[in-house]
Amino acid sequence: MGGWLTPDILPPEAWRAVALSLKVSLWAVLVSLPLGIFTAYALARWRFPGRGLVNGLVHLPLILPPVVTGYILLLSMGPQGPIGGPLARIGVVFAFHWSGAALAAGIMAFPLMVRAIRLSIEAVDPKLEQAAATLGAPRLWVFASVTLPMILPGVIAGAILAFAKAMGEFGATITFVSNIPGQTQTLPSAIYAFLQVPGGEGAAVSLVVISVAVAMGALLLSEGIGRRVARRVAGA
Amino acid sequence: EQARLTVFAAASMKNAMDEIAAGYEAETGNAVDVSLAGSSALARQIQQGARADIFISANTDWMDRLEAGGQIDGDSRVDLLGNAIVLVAASGAAPVEIAPGMDLAALLNGGRLAMALVDAVPAGIYGKAALQSLGEWDSVAPMVAQADNVRAALALVATGAAPMGIVYATDAVAEDDVHVIGTFPEDSHPPIIYPAARVAGSDNPLDAGFLAYLQGAAARAAFERQGFVVLAQE
Amino acid sequence: MSVSVTVQHGFGGFNLDAAFEAPAGITVLFGRSGSGKTTIINAVAGLLRPDAGRIAIDDWVLLDRAAGVSLPVHRRRLGYIFQDARLFPHLNVRQNLLFGRFFAPRDAPRADMGRVVEMLGIGPLLGRRPAMLSGGERQRVAIGRALLASPRLILADEPLAALDEGRKAEILPYFERLRDEVAVPILYVSHAPAEVARLATTVVALEDGRVTGQGPAIQILGDPNVMPTGVRDAGALLQAVVVRHHDDGLSELSAGGVALFLPRVPHAPGGQLRLRIAASEVILSRARPEGLSALNILPGVVEAIRDGDGPGAIVSLNTPAGRVLARLTRRSVAAMALAVGAECHAIVKTVAIAPENVS
Amino acid sequence: MGGWLTPDILPPEAWRAVALSLKVSLWAVLVSLPLGIFTAYALARWRFPGRGLVNGLVHLPLILPPVVTGYILLLSMGPQGPIGGPLARIGVVFAFHWSGAALAAGIMAFPLMVRAIRLSIEAVDPKLEQAAATLGAPRLWVFASVTLPMILPGVIAGAILAFAKAMGEFGATITFVSNIPGQTQTLPSAIYAFLQVPGGEGAAVSLVVISVAVAMGALLLSEGIGRRVARRVAGA
Amino acid sequence: MSVSVTVQHGFGGFNLDAAFEAPAGITVLFGRSGSGKTTIINAVAGLLRPDAGRIAIDDWVLLDRAAGVSLPVHRRRLGYIFQDARLFPHLNVRQNLLFGRFFAPRDAPRADMGRVVEMLGIGPLLGRRPAMLSGGERQRVAIGRALLASPRLILADEPLAALDEGRKAEILPYFERLRDEVAVPILYVSHAPAEVARLATTVVALEDGRVTGQGPAIQILGDPNVMPTGVRDAGALLQAVVVRHHDDGLSELSAGGVALFLPRVPHAPGGQLRLRIAASEVILSRARPEGLSALNILPGVVEAIRDGDGPGAIVSLNTPAGRVLARLTRRSVAAMALAVGAECHAIVKTVAIAPENVS
């Protein structure tokens, strides 16, 4: 019989959207994480010319309506854009490709990730880093062996926030890579589509439930990890 | 105190509605607030009791839905405007004849066809219907890139991300980077109709007057300037 | 190996302006709270960039503000024992201990982990994290961490302050070994006169950011004018050689021909060692005393008498063993008719010297 | 003549949108801040049944496509909704009112605010709070006199993130309170409207520039404050 | 006012099982690093909830696990001086000092801010933040913060460990005043025997989480079996009364009729005070000694002789002033033919007592 929550009323492309959203969000988070940590570190600890500009740029996707971010991406990273063009010639294609969706999601999620990590870095007592330096650890090692382990809770928090945001990202993604079932149709695009037509609510609700379940699972998991890590870092 | 009227209108009508609201205010002294959003959003808000006075939808489905639910006054409903869908391409492309056997897939030459969401957004629904009736849909479907609204589809063409797109005739009007290479025959898709009606919960005395104004000469001129076909007879 | 330090630094209200030479061995920075000891050590470590100054170990320049040289902290090859332990909270004790070893050059001389762990009594703690340690345990781990980093320079900022006497007695010999055998220069901050007397090769006395005295420990500690914490901590250092060990647990030493008895010292006969005799523990007698429980009697001649602030005076006695200081009341000085040139005997209890004032 | 950046090509309702967006964002941040601090504190420090649920709920607006959040708001807080109805009867109206836009923006920004504050709280050494307690400070006072000053950088970071997000919020707002000029038309809604018609790009770009300028101003300001506060808290 | 403490707590490897009574005055917890001192203090403060136990000040129950009573920390009216200063980094020194005052009941007796600031020598620091203080300065501020909270119970965990001798000498009398005048019970952790001797009303000796001895300081410190840090710190406490102050800066005291001379004590004639005489500073003589610089000679009878681990022995002498301990070598014991019942004289230098062993 099948109620509205059971998979049989969801067309197969809905399931493909779920799979794609997971893939896109995971890639978006994983690829942007190192850059996010680096950016957060630079903003937290270094004084350099253009620091304000970098900080502004990082926050931009938060401030702009997502559609605008999508347009900017389309203009710059599209096949004829100043960045997308050359990239396309060396075979790196974002347009209408899931990697473009990941790019859009990653950019939209970036400010959240950077903020969380940066706050953690600012909370690390520089005296511990100094202690590591006196023991002979070069700067990068100090980071890897002292700073990074101590900011892990923040890194995890940042990664979850980014993942959740990526799972929900819609405006920039659809504007940049549009909605091609199986390639760029993420969960939010599918939900949006269902909501546009009278009577589409049922399917939309099913997808919302799936999306919430996935993100909550990730959330709970990461909370668990985060707590364990925090306890480890606090040393208790 | 100035009398006010709230109109919920499909976002694609912004330019025309701005002009009409200004004209109406100049003529009657009454202010008009136009809330522009997707038809689905507006219809849902009316379902949930939004205090709108007039609703102009970009398609008939949502208006039918509201009428069935008693949220609009069926007697006041008029088919206000019509529109056409066109095939657009980057400037410089040759015109094509839109007819069965045109082999749109070959024309795309591996590129994407930009459309609005083909199952959700009116322009996409009409476009899909037209391609189906022309027998092109099955071959083209895998190449369709669907945007969340027509303007986004147009942008895909304007930026060169997609070589061609299907949009409303009204959208192609002012875009320099894009030009129309063909218009879909009227009979290839269900009629494109923008119905207008009075919201049932509205007790605004200006309702009837504004509905009439929408069908008047001033409004007609404004609509036509934006490329709409005015259906309503005065 | 010798460390030369010149630093000038201003902190709002406080101005540091210190220059000293720290020859091989342990150089103790001695001064009241707030006198600038930690500031100097931080400058040597590179954690503070002084307004001006130069710091070098022999020819190896760590800092030279004038020449624009400043070696990064991690290249200074330090073992810094911080005043606050500063253990890494996310690492367990073992990982804390081994942290520095990882960065030491492969060919650097290595302290033996097992030995250090045993000396510090932290064997049972190796798997714990710092938050689960007591204050003294934390400090002991911090000491171990610094020692195991194969440092070329040890900076120790009150390393033993949080420890009980028993534990101190176990750790002090290790610092002595470092001083005597390994030849790593050590800058050592301490408030405890006994510790200073025992360890210091050189003493740098600080007051309010300025060096008020510096030199061999034997000289500075015997100079009541310099000792920054006041006359009560004055005392003399004697050089002695071990003659033999007796069966009753005493060691017989000879200091300039005078026999001294001490509880057994670890040195073999013929070994040299240094004794600190606190001025407050010396009793003087004009006649050679008889029938006393005190075994050590040094004949001498009064060299100087210096009155203190209170009712006390410091009598400096020239004995065959070297200069001995005695702190008496002025009343006693008068009663005994002591004056420069007078002959008298210094009486020191055996147990008043041993073992923490011996080295 | 007036280039596209000068105000004269912007219709008056665009300026009303700017003013409204500022009002909406400020209210959203100010009203949600105490609740955000409380929620962050509860999540960081307390173990209570339903903690996971609260945490999930807080993150929900991040995960859901904004349209869905807006739709949920419309259904629940609308004039006929189970919450909005009773509220309307006692005179509290959110539907189609600027306060509704603030509500939507506040809800959308809430997860960002809470995360930032929570990270800061987790970085406060409980030993200092214990020290305050030994000196006789009751729990609330400990919070006010020790915890709060020490987490100020995080609170500020959270508030900026939330403000920036509120300035950019679009999907939930337009879905919940529609797009009525002067009442619920925020900057992003106005940008959206301009983008929906031929020839609207110029005005849209002008609005984007204004929106970026405002948000960047807030960002720079708060960075300055944040840095000063952080230095004060670190005690240097 | 008396504090009764019973706590049991297990931390993985470490088990605490301690019970003691702390009568009015200062109760010193004495024991090696890791013996459980901080754990006990934390339980009293309410920062640690022990597995089992009961803590009460007279009838005022702070904790009773069996009865399910546990007063929240902030209602215990404490002045806790932490082993690590734990100043509030966002407040300046003045604000740190005044923090507790704000929460004290209006009618609580208040320590005088000016006086405390002056005693601690932190006047010039009032506007600074803790990050700008030296280690000792931080610790002094922490002491002030606790004292100014109008506490009904003071917990002091090695409050003076980071301070130099001079500063200690300035702060110790304040704790004595608290003990003698204000009658606030004080639980005090210290590793320094001189500090313990001077301050302690009661001593609780801890070893590995267990109480190995408790009782009046006079008794515990004189018992070489109990002193957990070993026989070297043994010493006796004598009760004395001030007779008069002499012009030469000495005060004459009488202890059970025996005249003792000390550097000027602050007490008025007739005032009672307590002297600690470290066993290692006492010299014995069978004959009454003449011509010595030492002014204090106590005749007595040997009560007991206890051999130590090393070459030393403790001789316990019954004198009119009370029991006096002397640490000698066994060789001296033999040479002097000391045996129980033998008459002899204890010789103590004036300056060896004063001033930090007086109270």
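For clarity, chains are labelled A, B, C, D and E in written order, and residue numbers in each chain start from 1.
The criterion applied here is as follows: a residue touches a chain if its C-beta (ideal position, glycine included) is under 8 Å from a C-beta of that chain, and two chains touch if they have at least 3 such contacts.
No experiment lies behind these values; they were computed from the predicted model shown.
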Task: Set of chains adjacent to chain A and to chain E - done: C, D
Task: Number of steps on the shortest touching-chain route linking chain B and chain D - done: 1
Open item on the list: With centres defined as the mean C-alpha position, give me the chain A-chain C separation in Å.
Closed with: 58
Task: Centroid distance [mean C-alpha coordinates] between chain D and chain A, Å - done: 20
- [ ] With chain centres taken as the means of their Cα atoms, state the distance from chain A to chain B in Å.
- [x] 35
TODO: Take the average of all CA coordinates in chain C, do the same for chain D, and state the distance between these two points in whole angstrom.
DONE: 60
- [ ] Give the residues of chain B that touch two or more other chains, as numbers and ranges in rising order.
- [x] none
Open item on the list: Residues of chain A that contact two or more other chains, please.
Closed with: 67, 71, 171, 192, 195
- [ ] Would you give the residues of chain C that are in contact with at least 2 other chains, written as numbers and ranges?
- [x] 84, 132
- [ ] Could you list each pair of chains that touch one another?
- [x] A-B, A-C, A-D, B-D, C-E, D-E
Open item on the list: Using the touch definition from the top, list the residues of chain D that touch chain A in their complex.
Closed with: 52, 55-56, 59-60, 62-68, 71, 111-112, 115-116, 118-120, 122-123, 153-154, 157, 161, 164-165, 167-168, 170-171, 188, 191-192, 195, 204, 208, 211-212, 215-216, 219-220, 223, 230
Open item on the list: Under the definition above, what is the set of chain C residues touching chain A in their complex?
Closed with: 45-47, 72-80, 82, 84, 86, 88-90, 99-100, 102-104, 129-132, 145-146, 149, 155
Open item on the list: Under the stated contact criterion, what part of chain A meets chain B in this complex?
Closed with: 67, 70-71, 74-75, 78-81, 95-96, 171, 174-175, 177-180, 184, 189, 192-198, 200
Open item on the list: Using the touch definition from the top, list the residues of chain B that touch chain D in their complex.
Closed with: 6, 8, 11-15, 18, 33-37, 41-42, 44-45, 48-52, 149, 151, 170-175, 226
Task: chain A - residues contacting chain C, complex - done: 127-128, 130-139, 141-142, 145-146, 149-150, 232-236
